[in-house]
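Presented sequentially are two complexes of chain A, the first with chain B as partner and the second with chain C.
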Partner chain A sequence: MSAPLLSVRGLTAELGSGAQRVTALRAVDFDVRRGEITAIVGESGSGKSTAAMALARLNEGPQGAFSGEVRFDGMDVLSLNSRALRSLRGQGIAMVFQDAAAALNPCETIGDQIAEAMVVHKARDWRAARAHAIELLGEVGMPEPARRAGLYPHEMSGGQRQRAMIALGLACDPALLIADEPTTALDVTVQGQILALLKSIVARRDMGLILITHDLGVVAALADQVLVMYAGRIVEAAPVAEFFDAPHHPYSGDMITAASVALDAGGRLATIPGRPPHSGDVGESCAYAPRCARASNQCRAALPSLEPHGTRRRACFHPLDDA
Partner chain B sequence: MTGPLVQIENLTVRYPLGGGLGARGVLGLAPTNLEVQRGELLAIVGESGSGKTTLGRAMLRLIPAEGAIHFDGTEIIGLGRRELAQMRSRMQMIFQDPYSSLNPQKTVGRTLSEVLAHVGIPRAERRARAEELLSQVGLGADAYPRLPRAFSGGQRQRIAIARALATGPDLVVADEPVSALDVSVQAQVVNLLLDLKAERGLTMVFISHDLGLVSAIADRIGVMYFGRLVEIGPAARLSRSPAHPYTALLNDSMPPPSVAAARATLEAAAQTGAVELPSLMDPPRGCPFAPRCGHASASCRETPPALHPHPAGGLVACHHPLNTD
Partner chain C sequence: MGGEVFRRLIFLPVTLFFVATLVFLALRALPGSSIELLGSQFTTAGLKEQLIADLGLDKSIWEQYGIFLGELVRFDLGRSFLTGKDVSSMVGETLPVTIELAVASLVVMTIAGIGMGLLAGAFPGTLADGLLRTVSVLLFSLPWFWFGIVLIIVFVLWLGWFPAFGRLPSSVDYEAVTNFVLIDAIILGRFDLVVPWLKHVTLPALTVGLTTSGVLMRLTRVGVIETAKTDYIRTARMKGVPGPRVFFRHILRNVALGILTVIGVQFGAMLGGSVIAEVVFGYPGIGRMTVDAVLNRDYAVAQGGAIVIAAFYVLINLATDLSYRWADPRLRRGGR
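What follows is the complex of A and B.
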């Protein structure tokens, strides 16, 4: 097997300042290969977006510091200087955000925004860049791309804006696309089309895709491997079919049960008690123990490490495959 | 008193376009007839722009509307300010975003006490009543002196529910009450609403974009598209054998949390091209769903279908309904 496109080892992030400073990510390890879709699943505060942004060091600064290792295409991302980092962003790693209406520039046409990215990052001349922008809009399934390249974001529907943002992400031929909740703001009948588009782009361009989502239906539809995050750590990592067939971490199992939305005999929906911990609200014990039906004194006293087990990894003292 | 709690006749909402004399309007809600039975949980589902929130707000007279709304036998569109204020305590709303629907500068206790004062609870009893409401929604009395910012999204939505219950309503309209919450917290809040509905005999209108969720909890489901009610009927029937092609599309669009089924959903979505809602400025003459519909005929593009009874129960507005046998 070829070397992974992206290799993350021991990635730890400290965010915020002063008393507000928290460890938002703790010792995160994973690989992404070309042509592969990796879903990072979790609730708010789980660290899933922090992890995605850290890969391109987007959340770095006085309020954000990283340690560990991020290797992308042979580069050591965490030690790149600002010039190399600029070239990594866009050309190596591109992002698609949840809210296209907020992420796109409202004062510039879609075609110009896409062309501008190519002129800035790849030093292409404006006319060639503008023509390529129309090709990209066609590639992402925008009807009448030449005409729509001249539209402003507010003149488009939500689905079209998300297509435009994906085209913008592809402008500099990145090897890795990170899509943060790319369909959460869209209607359900449009969501499937955008997911199908992402899948076909990954196959056609042989890219890596990291999909950040809270929606297990989206994961089942699209992902090759699943990383479940809870309180800043990966608690389970598995190939997608095995994950849904037999989740090992109790949190994974509880999430899959909750996602099936059915009333029990008492006329109530299955729930997970309690609520997700705040970002960085983690100690030296299993963060899920307070909500977990299988928790023992061991879980409340020590932190389970993420251990390999067959084709997956899991961090649990009492995984669901133990009877 | 028997009969439906709410009976709506030709309820219509026009949103003005531009200003000045002769300004045109767009139809946010086409003339709609609907009954809400006592004690039922009626879900209204649809996508953005379908008119589901407009219907919910118009039903409580929170926005100007034409037509008639009979609430427990009293027509409320014609009511004056004072009589309406009295009726209001019997109908309450829960909004989607508990971060913006609570006043950030008022303590939970003050928010609840103001509502209790409005419905005539004596000052001396308000605190006890407020604490009782808080315990009914699963919060402790220690929530009383605190500000909304001290609470998580799920807890804030519980506070909003307590506020809605403070007037002792007969009808609660909940507009996407769990959409802003984390997945693991959504089911807790839905269960709370189901418990409170059962304990208090509430009638509930639950507005949602999530057909899967409401199929599990509703008695009846109404499906909206382009400002129109296109299908309404028993929840089990709509999710098992939808009559309107749009209901079927909604049903088939949600990827379930199972790999084989979710991939099939994605395959189907990849086959359908990018489609858009018709323009409200220039509404189509016939059925608004016809441009997206695999069953559309010439008559669909000419004549808008009206709601008709479906053999398997409920009503459907379609010239070529599905599952008729």
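What follows is the complex of A and C.
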């Protein structure tokens, strides 16, 4: 097998300053290959967006500190200087953000926003960049791309804005696209279209795609591998079919049960009791133990490490496949 | 948008009617009259009564009010009780002077306020930010007249860099055409007027401009800090846009929309508010004309001055709203 496009090893992130400083990511390990869709799932605050933004050091801020290793296309991302990092953003790794209405500049036309990405990387001059922006809008299925390029974000529908956001991500032909909950702000009917578009783009351009979502249905339909995050760590990583077939981590199992709208014995909707912890307040014990039906004293005393097990990895003392 | 302009313009006469009524009644409520101020100068018996009748002051207050409104709708502001000069021509001479001062003050306010705000907003929480915030609080807490007097003491009395009074030195021979010095300088080719005028306008403009820049600095700073946190600025950084370009192209452009309104409102306030600077610096503008007229109970001049200032205020606010619509694409073309 060829070398992965992206290889993350032991990525740990300390973010924020003063009393708000937290260890937002702990020892995150994963690989992404070209043409492959990796889904990162987890509840809000589990660190999935943090992990994605950390790949381009977008959330580093003045006080952030990353350790571990992020290797992208042979580059050591964590040691890049600011110039090289800027060059990586947009050209190597691009990002499609969650709420396109907020993530697009309200004061510039869509065409100019897409074109600017090419201009700042000196890939094209403004004229050529604007022309290419129209081609990209066509590629992402925007109707009447030439006319729409001259519109402002508020003049478009939600689905069109998200398509424009994807076109913006593709502007400099990146090798890796990160889509952070690209469909949560959209109508259900439009969600499917956007997801199908992302899948076809990945196949056609032979890119890597990291899809951040909390929608397990999306994961099942689209992804090749799944990373389950909880409190800033990966707790299970598996090929998608095996994951849904038989989750190993109790958290994965509880999530799938909750998502399948199953009723529990009392006839109520199944939920996971308790609330997810903040990534920061996790000590040296399993973060899921307080909510886990299988938790033992061992889980409360020590942190299970992420161990390989067949084709998958899991961080649990009492996985679901141990009867 | 045309309809909106029309609706707003309809309200202009309504606003002016209320202003006119208020000024008319307020002036009459003040004790004393211009006739009494002339008191000792009536040597011939009957002259005083004659003058009162000529000025229409023997009529009832409601009759006077009716005459005043009747003249007003014909754009006749009347004549000065004291000098007999036509009020419209007095306004024509003094209004350009005030507009000149207001524009100069606006330039000072905009450069100082936005400059300080951008610097503080670009480096929030630093020593520079703290210093600039302190300066801004000082600036908007200082009374204009006090600040003006301090400037006179320092720059006129101690350093002798600037003249203290007036608009142009009396030694300069100036036949006004438009009454705007800079425009006349161009029309008449009198570029020798520019430097003396700048010297005279500097201190009053600094007084008004700096004391109003504190608020603008605060708004700019907050605007920059808030805009920097938005999702679309994160998008710009993720595109690989260099830091300075993010700041000037993306952040500044969005902050400018909010600032525009403040500048417009402040400009309106400067027209009325430069009264104090005009009095402190002996600057012959419409504010000073109006204040002098109130002190002399020169009803027609005071009324005319107040109405013209109010009309300008309304028009400038209208222009501000329109420019805001023009600058913000979300308002320029409605969303669907």
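By definition in this document, the second predicted complex is superposed on the first by the 318 of 323 C-alpha atoms of A that agree within 3 Å, B and C clash if a C-alpha of one lies under 4 Å from a C-alpha of the other, contacts with A are read in each partner's own complex, and residues count from 1 in each chain.
Assume a contact is a pair of C-beta atoms (placed from the backbone, for glycine too) under 8 Å apart; a residue touches a chain by one contact, two chains touch by 3 or more.
Computed from a predicted model, the values in this text were never measured in an experiment.
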{"item": "Room on chain A for both chain B and chain C (clash or fit)", "value": "fit"}
{"item": "Which superposed partner A:Ala220 touches (first chain B, second chain C, both, neither)", "value": "first"}
{"item": "Which of chain B and chain C A:Gln160 touches, first, second, both or neither", "value": "first"}
{"item": "After the two structures are overlaid on chain A, angle v-u-w for chain B, chain A, chain C in degrees (C-alpha centres, nearest 10)", "value": "70"}
{"item": "Of chain C and chain B, partner touching more chain A residues", "value": "B"}
{"item": "Chain B versus chain C as contact partner of A:Phe244, first or second or both or neither", "value": "first"}
{"item": "Contacts of A:Arg275 with chain B and chain C, given as first, second, both or neither", "value": "first"}
{"item": "Which superposed partner A:Ala19 touches (first chain B, second chain C, both, neither)", "value": "neither"}
{"item": "Smallest distance from any CA atom of chain C to any CA atom of chain B, in Å, after fitting", "value": "8"}
{"item": "In the complex with chain C, residue positions of chain A that touch it", "value": "56, 58, 86-91, 94-95, 97, 99, 102-108, 116-117, 120-121, 152, 154-155, 168, 171-172"}
{"item": "In the complex, chain A residues that touch chain B", "value": "43-44, 141-143, 157-160, 163, 187-189, 191-193, 195-196, 199-200, 214-222, 240-241, 244, 254-256, 258-263, 267-273, 275-276, 291"}
{"item": "Interfacial residue positions of chain B with respect to chain A in the complex", "value": "47-48, 152, 154, 182-188, 190-191, 194-195, 209, 211-213, 216-217, 249-250, 253-259, 261-263, 265-270, 272-277"}
{"item": "For the chain C and chain A complex, residues of the former touching the latter", "value": "230-232, 234-242, 245, 250, 253-254, 257, 328-330, 333, 335-336"}
